[in-house]
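Per-chain residue numbering starts at 1, and chain names A, B, C and D are given in the order in which the chains are listed.
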Amino acid sequence: MTRSPDRLVRNSTTARLNHWLTGGCFVLLTLSGLAMFHPMLFFLSELFGGGQWMRAAHPWIGALLLLSYLGLIVQCWRDNLPSRDDIVWLGAINRVLANEEDGVPEVGRFNAGQKFVFWAMALLVPVLFVTGLVTWDVYFSPYTTIEQQRIAVLVHSLAALGAILVWILHVYAAIWVRGSVQAMTQGYVTRGWAWRHHRKWLRALTATGSSGPRPKA
Amino acid sequence: MHMNRRQFFRVSGAGLAASSLVALGFSPTPALAETRNFKLARATETRNTCPYCSVGCGIIMYSLGDKAKNVTADIFHIEGDPDHPVNRGTLCPKGAGLLDFVQSPNRLKYPEIREPGSTEWKRVSWNDAMTRLVKLMKADRDANFIANNAEGKVVNRWTSTGMLCASASSNETGYITHKAMRSMGMLVFDNQARV
Amino acid sequence: MSSLQSLDIAARSATTTPSPQVRKTPELAKLIDVSSCIGCKACQVACMQWNDLRDEVGDNIGTYDNPRDLTPESWTVMRFSEVETQTKDEGTRLEWLIRKDGCMHGEDPGCLKACPAPGAIVQYTNGIVDFISENCIGCGYCIKGCPFNIPRISPVDHKSYKCTLCSDRVGVGLEPACVKACPTGAIMFGSKSDMASWAGERIEDLKSRGFANAGLYDPPGVGGTHVMYVLHHADRPSLYAGLPDKPRISMFVEAWKGMFKPVALAGIAVAAVAGFLHWVVTGPNDVQPKDDAEAEHLRQKADDPT
Amino acid sequence: MTNHWVDIKNADVVLIMGGNAAEAHPCGFKWVIEAKHHNKAKLIVVDPRFTRSAAMSDYYAPIRAGSDIAFLGGVLNYLLSKDQIQREYVKNYTNAPFIIGEGFGFVDGLFSGYDETKRRYDAKSWEYELDDHGFAKVDPTMEHPRCVLQVMKRHYARYTPEMVSKITGTPKDKFLKVCEMIATTAVPGKAMTVMYALGWTQHSQGSQMIRTGAIMQLLLGNIGIAGGGMNALRGHSNIQGLTDLGLLSNSLPGYLSLATDAEQDLETYYKPRALKPLRPNQMSYWQNYPKFFVSLQKAWWGKAATAENSWAFHYLPKIDKLYDVLQAFELMNQGKLNGYICQGFNPVGSFPNKKKIVAGLSKLKYLVIIDPLTTETAEFWKNYGEHNDVKSEDIQTTVFRFPSTCFAEEDGSLTNSSRWLQWHSKGAEPPGEARGDVEIIADIFHRIKTAYVKEGGAFPDPIVNLTWSYKIPHKPSAEELAMEFNGKAITDVLDPKDPAKVLVKAGEQVSGFGLLRDDGSTASGCWIFAGAWTQAGNQMARRDNADPWGLGQTLGWAWAWPANRRILYNAASSAPDGKPWDATRKLVQWSGTSWVGADVPDIRPDADPAEADRVQPFIMTSEGVARLFAPTGMAEGPLPEHYEPFESPLANNPMHPNNPKARANPAARVFKGDMEAFGSPKDFPYVATSYRLTEHFHYWTKNVLTSAIIQPQQFVEIGEQLAQAKGIENGGWVKVSSNRGFIKCVAVVTKRIPQLDCDGIKVDTVGLPNHWGFVGIAKPGYLVNTLTPFVGDANTQTPEYKSFLVNIEKA
């Protein structure tokens, strides 16, 4: 499709590819992780060619996720730095949830919810990675005690639960806020979308004549 | 937390809500738990005696096949003989590993000769080896046999060739070895009783 | 009644429905009388022979322990401890405590509890805990679940291995291979109650020989075991190459494989449902024409700063 | 073994000394455990090392390697001085009341009759004082100053607990505790068994160590009873059988012996062998020697052995000296041996001073190896680096290597330590072209015979006339051979009491040695095996394990020599009145008309104990009783005396500090050059002792994967004090050297090897397990016999592997 010049670049191509790599890894990790977590979900292992393949693939996907997420951090950390506005925005979270715009402060490129997802994952992914390494039996079991591994699996599953909950939040928010999916698939949003959800960001772009994702220097 | 299986089941039931996908046709694999097949079921049993120490434990050797014409009996398992009054089925670490002696990669398979000054073995036929050896033995006996000692007494001995006899060989082997060697007048003749 | 197995199953890893339960079979046990064990390793060889296992030829590192540890090919090893104990009559007494290590076949098997692969670990009604290797995915959770540090994952086929208590022999009415081989009768096999009463005789004998603390090791922390020890110093199991004094499944594993499992799933479900309800109640957050207009207005202002 | 494996369960006390049954004979050791569990038995272990047997013991006492006679001499002193002996038994069943001639003496460590230049004794002065009928004089009160009991009391009074502790390094309290436990069995209701093995035999005074143990057992009344005995735990599966069959330089089957050069006719040959009784009415069973000898000659030479040619007496070689293995390798080194055959034997691994063994083999013209496995001996000519550093090019020996079958691939019988002949059956074909030992020997012999028949040669008669009527001459069957050594009647054997009665028909198998004759009417290849394959069939294959008496006798299992008797001297289990000493363990007793019971009685079945001169239970001796004092038969004296090992950390024998002649065994044979190869404590300060581990069997199982896995690599064991003094770490590498060579391996530092205090001298022991070498699938190692001295026991020439000197340092 042709892109209207009226539209703004919400996410660069690199960021989008990076995001979907991360997302893909995350989904696979969730499916395989849940399969190993609860017997009722073990059938999910069939998606990976059986339990052995799943067990072998999970940590490699995890390693890829870590690298991929590092890329996202490099690209997005600046825009996710917390600001005073975030507190105000959070204070108005009821209105946000009710789709009401009035009384909700203007938001930059990312709102506090998005920042929460970003930083939550930035914390959980390395925790999952490190605890995952400890329990990656094939290569790393000799370097830790079994007791440390026991703690690691517990922490790993707690962290995974956290990540899954954050991910549900993230996915639902994308579905709920129309236009967000397109922002991550095609990369563009309308100016109206930006006005509605990231007004400060729109103002900054507009002020510098940038078409996104970042204002011109 | 200490749960028995039933409690475990009930608690796990709480997770049912999340597993409605089961209904979509992803049912768990059927509950199969077969122990390994009993590997001796129709093997041929042969009674024998452990060849290591002098306890003389009874053993049972299990071999492949039923002694039919077209099968080579290969021993694949050895266990203690429970009827034996001394070992009553038990075996020591050596006896329990007898199979690895029978099947040792270092078993000799062919007659060989190492020539004087050589650094290697050369495979030969039994007949060639025996012919050569017997010539050497007879020549040595004929040359060095002592019929009478210095005092003229009849001594009829052959002391230039000797033999060490196996202490793990059977009585029958020991008997024929003694009979054959002594008939030649051999005196340098001993076994492993001492070491 | 018949079922798809050669021995009746009491519990099965990662399975939420029960196995057939009506038949009652006797509970069996292996009793290792450490005070009669000469450490000859016949049990190790018998195990290798019966189970067709051959470990690597290792090294001597200053002990008689060979192979040095349990491995995927060594399901039982002897552990030698030179210990000096105090006696009333003789003062210091040297003892060479030799313990056969291997799976304890606990009543509450930590490996089974931790295992995520359905049917990779089963507990038969006779007490044997067996690995059904075909179903094993090689994750190593059993290692974390085991309070005795027994299972080992093979780097070759990525499957977990340990003593089966010769389930294939017991299944046809024979004793395990190590039991049969043991030259001194230090390993005995029978119904658990018979083993307990033989242990009682042994303990009485040991007490008469000055071992006041002789006793049976059948740790209640794991619901008892189907491999039990007679120890001269039952007050100090750790003397025997670190046999756990009070073994039980780690609280981390209990937490991970216990309540956390359903709670986590419930949590995920709640989150998903909450999202759905929000959708139903509030609906999507769409861009309004007003927003487009405002944005357009802003752009025009920027294009035309006047 | 006088008794048998299962009988150990009847013991009240078990003494393991000079052996390590738990490791060397685990399946036999179960009966020790059984005695502990079900008979409340106490186990005593005396050993330089805290072995796996010691780990099972109720009481362990350490001892310096090679000082066992001092320890046991101290026990004898304890028993005699405290009168803790079974007096009735000693008085009736031993030679304690016998009076020794006046010429007997013992001065400063040497008995009367010593010839220093020959290192040999003339035993004449050790004999009994005889009466006019040629019978030995006795004093039933045992008070006569020259009666054996009094001589012994004086002899062993010197072995005080202090002296024992000084020599052995055993703390005095531990020694006394052991004495006390042993002495509990001096009563008729208690039995002690003694289990020993190479830990006693492999010393320069090994035979006398065993005799000291036997004397102790006799004083306690522990011989001939259930749960008692002197139990030699033989090493190999059939070393008992091969000894029974006389495969020794000076022997013939059934403990007959070759004539010496001086014995040129049957009469002089029989005289010292077929001994007349030394007391009235005694059986002196060796009187039957001619029957056994003639039957052997008939078995071997059949029709060629006739009364006219003294039953082919001169077909047998005459012996001028012992040609034991040490002699054989000495002769090889002197270039006097051209050919050598090793049948399932690995002398490079097994014999002392490997350097000398390899040098000897290198001088041979031809060497024949018959073995199922690779051995060091077969490859002695091959360079294996530091493990066997030889130049192949310089070794001119032709080596034949013949692959033989192993146990699993043959039929036949093995004789275990309990003297049971057990038949086994073939279960598989041998690998490749391997052949059975019988076939290999028969083929060699048959070809030689054919050559002598065709070409003639030196004295062919015994070769061409040897009976060889096997169905396949180059491949006799095990059955044919077993039937031959059992024996058969050549002509009808008649009852001497009633010549009309035929006991065995011509051609039939004899049922026992009682039927053998010296008139050429019977043939038997090994008289003690007569009964193994009777007219009723193969008795060795019997499998009835019923134990109706509950003593573990199982008379229906296999067949034991002699005459299926399971416990030797079992008539001594009953008191002189024919009633059992202990009603709870009855072996045999007098029923009023005959001897009956749980075993085959070891006495003439109708020997009424009520007779004036009753037949005594030790029927093989000419005295009819057991010998506490041995007037004949022992090279170094009639009573055991402590001598130091040839290599000892002590400068003198503490018993005779001022007589260097009595330092080490004065009657032991030492070859020229070997004396010089002994080391001194100055250079080699530590006592070394070599031994076996339970995981391996000699030099054999390094070819066996399971054994290699459970004990993979060579090591030496040292105590913590020595390790500390030498800075040796557990698991670190060490070099152990003796005056004859060195080995390098891993050190196991252990509490189990105690440092001993021998009269102020700290003695450290270095333990040297055998088992590793330069061939095999275990980790390669050095042969321990690189280090061992080339000297043997004065009677048996068994090498002194258990006590010699080494040095040890970090490698």
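Just so we're on the same page, contacts are C-beta pairs under 8 Å (C-beta built on N, C-alpha and C of every residue); 3 or more make two chains touch, one makes a residue touch a chain.
As the structure is a prediction and not an experimental result, all values here were calculated from the model.
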| query | Does A-C or C-D have the larger number of C-beta pairs in contact? | reply | A-C
| query | Central chain, going by Cα centroids? | reply | B
| task | Can you check how far apart chain A and chain C are, centre to centre, with Cα atoms defining each centre and the answer in Å? | result | 38
| note | Chain centres from averaged Cα atoms put chain C and chain D apart, in whole Å, by 50
| message | Taking the mean of the CA coordinates per chain, how far is chain A from chain B in Å? | response | 66
| remark: Between chain A and chain D, the Cα-mean centres are separated in Å by 84
| note | Going by residue number, chain C touches two or more other chains at 15-16, 40-42, 44-45, 48-49, 118, 135, 183, 185, 255, 261, 265, 268
| said: Please output the residue numbers of chain D that touch at least 2 other chains, ranges allowed. | reply: 26-27, 30, 694-695, 705-707, 710, 777
| request: Mark out which residues of chain A touch at least two other chains, giving numbers and ranges. | output: 38-40, 42
| Can you name the residues of chain A that touch chain C in the complex? | 35-40, 42, 45, 50-52, 54-56, 97-99, 135, 137-138, 141, 146-147, 149-151, 153-154, 157-158, 161, 164-165, 168-169, 172, 175-179, 190-197, 202-203, 206-207, 209
| chain C-touching residues of chain D, taken from the complex the two chains share | 22-23, 26-27, 29-30, 33-34, 36-37, 40, 50, 52-56, 58, 60, 694-695, 705-715, 729-732, 746-752, 777-779
| Hey, which residues of chain C end up touching chain A in the complex? | 13-16, 116-118, 135-141, 143-144, 149, 153, 155, 158, 250, 252-253, 255-256, 260-261, 264-265, 267-268, 271-272, 275, 278-279, 282-289, 291-296, 298-299, 301-302
| field | Residue ranges of chain C touching chain D (in the complex, touch as defined) | value | 36, 38-42, 44-45, 48-49, 54-64, 66-67, 82, 84, 94-96, 98, 183-186, 201-202, 205, 208-209
| said: Considering only the defined contacts, which chain C positions touch chain B in the complex? | reply: 3-7, 9-12, 15-19, 40-42, 44-46, 48-50, 108, 118-119, 122, 130, 132, 135, 164, 167-169, 171-172, 177, 180-183, 185, 223, 254-255, 258-259, 261-262, 265-266, 268-269
